[in-house]
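Take a look at the structures listed below.
Heads up, the next two complexes both have chain A, just with different partners, chain B and then chain C.
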Partner chain A sequence: MPVFAVAGSGTREQVQDLRLDVHMQLVDTPRAATILLVAGAIPEELAEALARLHDSIPHPRCTVWWPLGAPSGAWLGSFPHHVAIEDQVPGRLTAIQRELLSGQRPSEPPILPDVDAAPWRGVGPFGQGGTGMTGGTPYGRPMAELGPDRDGLRLDVLPLTVGPFFPRFPAGLVLDAKLAGDILVEVAVRDNPFVTNSVRGNDRAGRGPFLRALTEPVSLAELELARARAHLRWVADALAACELAALGLRVLRLATAIMPGDSEPVESLARVLGWTQALGWSTRGVGRIEAAALEGLGAGPVARASGLPDDLRAQDQAYRDLGFEPIVQAEGDAAARWRQRLAEATQSLELAGRAGDRRTIPTGSIESPRGLLEPAGGPAARLLPLIPGLLEGMEWGDAVTTLVSLDLDLEEASAAAGQAHGEAVAS
Partner chain B sequence: MSEYAAAGVAIAAVGAALLAGVYFVAVFDRLIGALVEGRPLQWSRLLAEPVQSSALMAVQQRRTTERPDAPAWALAPALFAGLAAVALAMVPLDRDLVATDPATGFVVFSAAIAMVMIAVYLHGWSPNSAFALHGAYRYGAQALSFQIPFLLAMLATVLPAESLSIVEIVNAQESLWNVVRQPAGLPLYLVVGVAVSFWGPLNLPDGSDLAGGTSVEDSGLSRLLWKAARAAMLVSVAAMGAAAFLGGWWGPWLAGPVWVVLKTVALLGVLLASGHLLARVRIEQFVLVSWVVLIPLALLNVFVSGAFLL
Partner chain C sequence: MILLGPVGVALAVFVAAILLALLIRVSGDVQRHPALAVPERSPFAGGEAPVVHAWNRYHARYYVMALVFLAFDMEMVFMYPWAVVFVREGGIAMVEMGMFITILLLGVLYAWRERVFEWA
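The block that comes next holds the complex of A and B.
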């Protein structure tokens, strides 16, 4: 059944795992869905965007909330309708869809009033023409304006806002872009509610081993296995962004099946991915980041793919005993970030196999699969300011490839802050 | 009267073949997807799912946008499916079994392929939506790049037949199929065939980076019809590939029409598998490769094929 899923705070992996069920079809546009599935807590700032999303789903439709540990009060007050479900999600959603189609369950009415954003003053039979309908934002609608093009011409520049629930972006990311044809000429990243305002109360989902390692000793084997899994989960998503959704599901299944010490499945996966050109024509040379721009950002695999041997693990005695050496790539493009994560997944599985009962010593910061994680901030928040400079001048498709390759997890930092806060309260 | 009856039968046959083809593509694509995913096959699911999801789309509301070009939006899938039907009508099942065999069949087919650009552009332009329009322009760039190599790859098959009739093109392959005679022809045709029906690695106008591109605003019946029209075009491209390069009805033991169907299925398998095994191509690269590699290669193919006939 077609479902448009919105992954709230700390629910990314659970929502991703829904794809493994044959009944679930996670669609890219609300127009194709019958069910809006909201997982976890959504910040109040996104309520209006979510309502807009809800209203663009065709009838019959239904909103389903999957709290995943978020308290019942975390549901958006301004968003009236929903069915809450706890578990057996695919089965429950199938039943809800059946009720919708048979008429037992009424389709949800729109939340926002169905009116034009501003009065339309076009005069022709198709609403075209009229005065003052070119350039600027006549009657509340941003229109294309002339601007310089890279070829030295003056072409239309279209303002476009993408997000906060664009399927290829992490939930909450909003880009204000200006497009000249296929080229992004100007990009601004809006303040992100997941970064600026920590959404708390997500015990079940939020307690990954990396968050726990901030405050308590965690076994190296567990951390490294989780790291390899996180990298493979990224590969699964990135494959869907290259139009290879079925292969992505195979990788997602592999992510849950891998075992410490057995890196052979990941190595053979890397070979298969080489044939598909996912590390070739679709990513090579795209989104190159110079090492200097990443210096001191603690950007984990992104920094190491640009040649910075920047890894907290290298300072940890337990890792040094295992002979850990950071892997680096030289190119710094999206393909290098693919290779980096695949190589690190292999390395992590080997480390996990040799780690025995070694444990970390909590120091208040940890090398997460995405980079340096500490209560003061995660890697995504530090990478966001780089995005405008990185994307400007790119084609839209390359911009999406680049953003996907950064593996932004916007609410990791607030989860880390929440973790530290929770521990302080507990002690 | 019998003339009209014959035309009616031919039109109904093409329509039925396309409908069967669309269903087959839906099942076959899911089958390949399940194999790539490594999921155990459930045949009843594979066979039933296209019907179920079509039924769902048929009962869903058709949403509209602010100030769409409603007639163009409704007509675009019909135009696309109609062009697929025109293209398929040119494909002979056997020497005497063809919906229509105009002396200029090759030209009719090429014209249908060229017009696909209009259908896709209309589909992207009509909903008055940024991503849809973006997809439409991408197809413009894609179509301008693939149409010349497409035409040239097909043109080479006309030379040995010394005729523009598709039946004659197949007839001329009795002793030697064009896939052997012109080794560059079929690969070129397949690359471009994927681009025409914007499938898999060349699904740029409806790509996932545009959340569905020209079909981002489609819901309900519009979505169903557009999906069906795309699958229909893929069937037509595969069927014409079987006729122009794989010898159409020629083959030992089996009856002619069976060979045509088998060869079409084989080409469909290649086209659909590319969608699950090859990553998306960047539009800039595709345009570059089309003009710098595919056109010279297709020209060379024509020259070499011509030289052998002198």
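The block that comes next holds the complex of A and C.
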């Protein structure tokens, strides 16, 4: 059934795993959906955008909330109608869709008022004609302002806000862009909505090993397996963003099934992707970041793809005993970041196979799959300020490729803070 | 058919066409769906509302490429009569066509320098 899924705090992987079920069809636009699935807690800042998303789903529609450990009432403020489900998500969603289509379950009314922000009616008897078409405000909406083009012409600069639920971007990322044709001429990134008080202090039991490693010893084998899986999950998402969704699904299946020491499938995947010229053309030379710009940001694979041997694991005695050395690439473009993550996935599986019962010593910071994670913030928070400078002047397609290759997780920082907070409360 | 005669057939077709048009019109009215609410109509770009109209005057860059293509298309047209007389005229025709293509090629190089072939 067609589902538009919104991944709230800490639910990215569970939502991604829904793709593995043959009955689930995660669609990219609410127009194609019947069910709006909201997982976890959504910060209040995104409530209005979520309501707009809900209202743009055609009838019959239904909202389903999958709490996944989020406290009840974390999100329900503006949603008078919804169904909460705990488990057996695909089965329950199928049943709900059947009820909707057979008329047993009424379609949900809109949340936002049916009021046009820019009402307009022409002079003719059918509302046609008048100054609206040619007077600079077609159908009551102002047209984009003019800006200089590279040919010396003055053409429209279209303001466009993308996100927070744009399916190719991490949940919560909002870009205020200005487009001249296909080119981004101005980009601003809004504040991370997850770093607010409205989602902090959630019940974060059962979070991943990297968050636990901030405060307690965790086995190296578990950490490295989780790292390899996280990289493969990124590859799965990035392939879907390249419109190679079927291959992405296979990689996702691999990510959930791979075991320590079993690096051969990942190596062959890296070979196949290396041969794939369609991927090479869309990533080579795209989104190049100089090493100097990433110095001290703890940007993990992104920094290492630009040639910075920046890895907390290199300072850990347990990793040094295993002969760990950071892998680095030189180019620093999106293609290098693809290669970097695949190489690191292979390396992590090998490390996990040899790690035995070694454990980390909690130091308050950890090298997560996305970079240096500490309670004060994750790598996404440090990479966000780079984005406007990186994307300006790019074509829209390249901008999406670049953003996907950065693997931002806006929610990770608040999760790390929540983990530290939870520990402090517990002790 | 024979009973009706040619005028009768034309009349029958005329009446049938009018009835069909009315039928289509009435069935459209019967099936009419309620108008979409404003949030249902607004374009989706991730959950935020658009602020300006989507009518957007942007640079159709392919038109310069189209002009360059046209120039080479005409060159091919010149080549047909040239190919007919080429054997008779020999080397001199070869040199003339070489000059013609070189001049066109200089034009392409100029267009390249002016970033005509950049799509965006």
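Rule of thumb we're sticking to: the second predicted complex is superposed on the first by the 390 of 427 C-alpha atoms of A that agree within 3 Å, B and C clash if a C-alpha of one lies under 4 Å from a C-alpha of the other, contacts with A are read in each partner's own complex, and residues count from 1 in each chain.
Convention: a residue touches a chain if its C-beta (ideal position, glycine included) is under 8 Å from a C-beta of that chain, and two chains touch if they have at least 3 such contacts.
Every value quoted in this text rests on a predicted model; they were computed, and no experiment measured them.
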Where does A:Thr29 make contact in the superposed view: on chain B (first), on chain C (second), on both, or on neither? both
Which partner does A:Ala49 contact after superposing on A: first (chain B), second (chain C), both, neither? second
Quick one: classify A:Arg253 as touching chain B (first), chain C (second), both or neither. first
Just chain B (first), just chain C (second), both, or neither: which does A:Val286 touch? first
In the superposed arrangement, which partner chain does A:Val174 touch: chain B (first), chain C (second), both, or neither? second
May I ask you to decide whether A:Leu158 touches chain B, chain C, both, or neither, giving the answer as first, second, both or neither? both
May I ask you to decide whether A:Ile183 touches chain B, chain C, both, or neither, giving the answer as first, second, both or neither? second
Is A:Asp149 touching the first partner chain B, the second partner chain C, both, or neither of them? second
When the two structures are overlaid on chain A, which partner does A:Leu112 contact: first (chain B), second (chain C), both, or neither? second
Does any part of chain A touch chain B in one structure and chain C in the other, and if so which residues? 29, 31, 56, 58, 116-117, 158, 160, 166, 181-182, 395
For chain B, which residues count as touching chain A in their complex? 32-34, 36-39, 42, 45, 53, 56, 59-63, 66-67, 69, 130, 134, 137-138, 200-201, 203-204, 207-212, 216-220, 223, 275-285
Residue ranges of chain C in contact with chain A within the complex: 37-40, 42, 44-59, 61, 115, 119-120
In the complex, the residues of chain A that touch chain B are 1-2, 22, 25, 28-29, 31-32, 34, 56, 58-60, 101, 116-117, 120, 122, 126-127, 158, 160, 166-168, 179, 181-182, 239-247, 249-250, 253, 275-278, 280-283, 286, 395-398, 400-401
Name, in rising order, each residue of chain A that touches chain C in their complex. 29-31, 46, 49-50, 52-53, 55-56, 58, 110, 112, 114-117, 137-139, 141-144, 149-151, 153, 155-156, 158-166, 169, 174, 180-183, 395
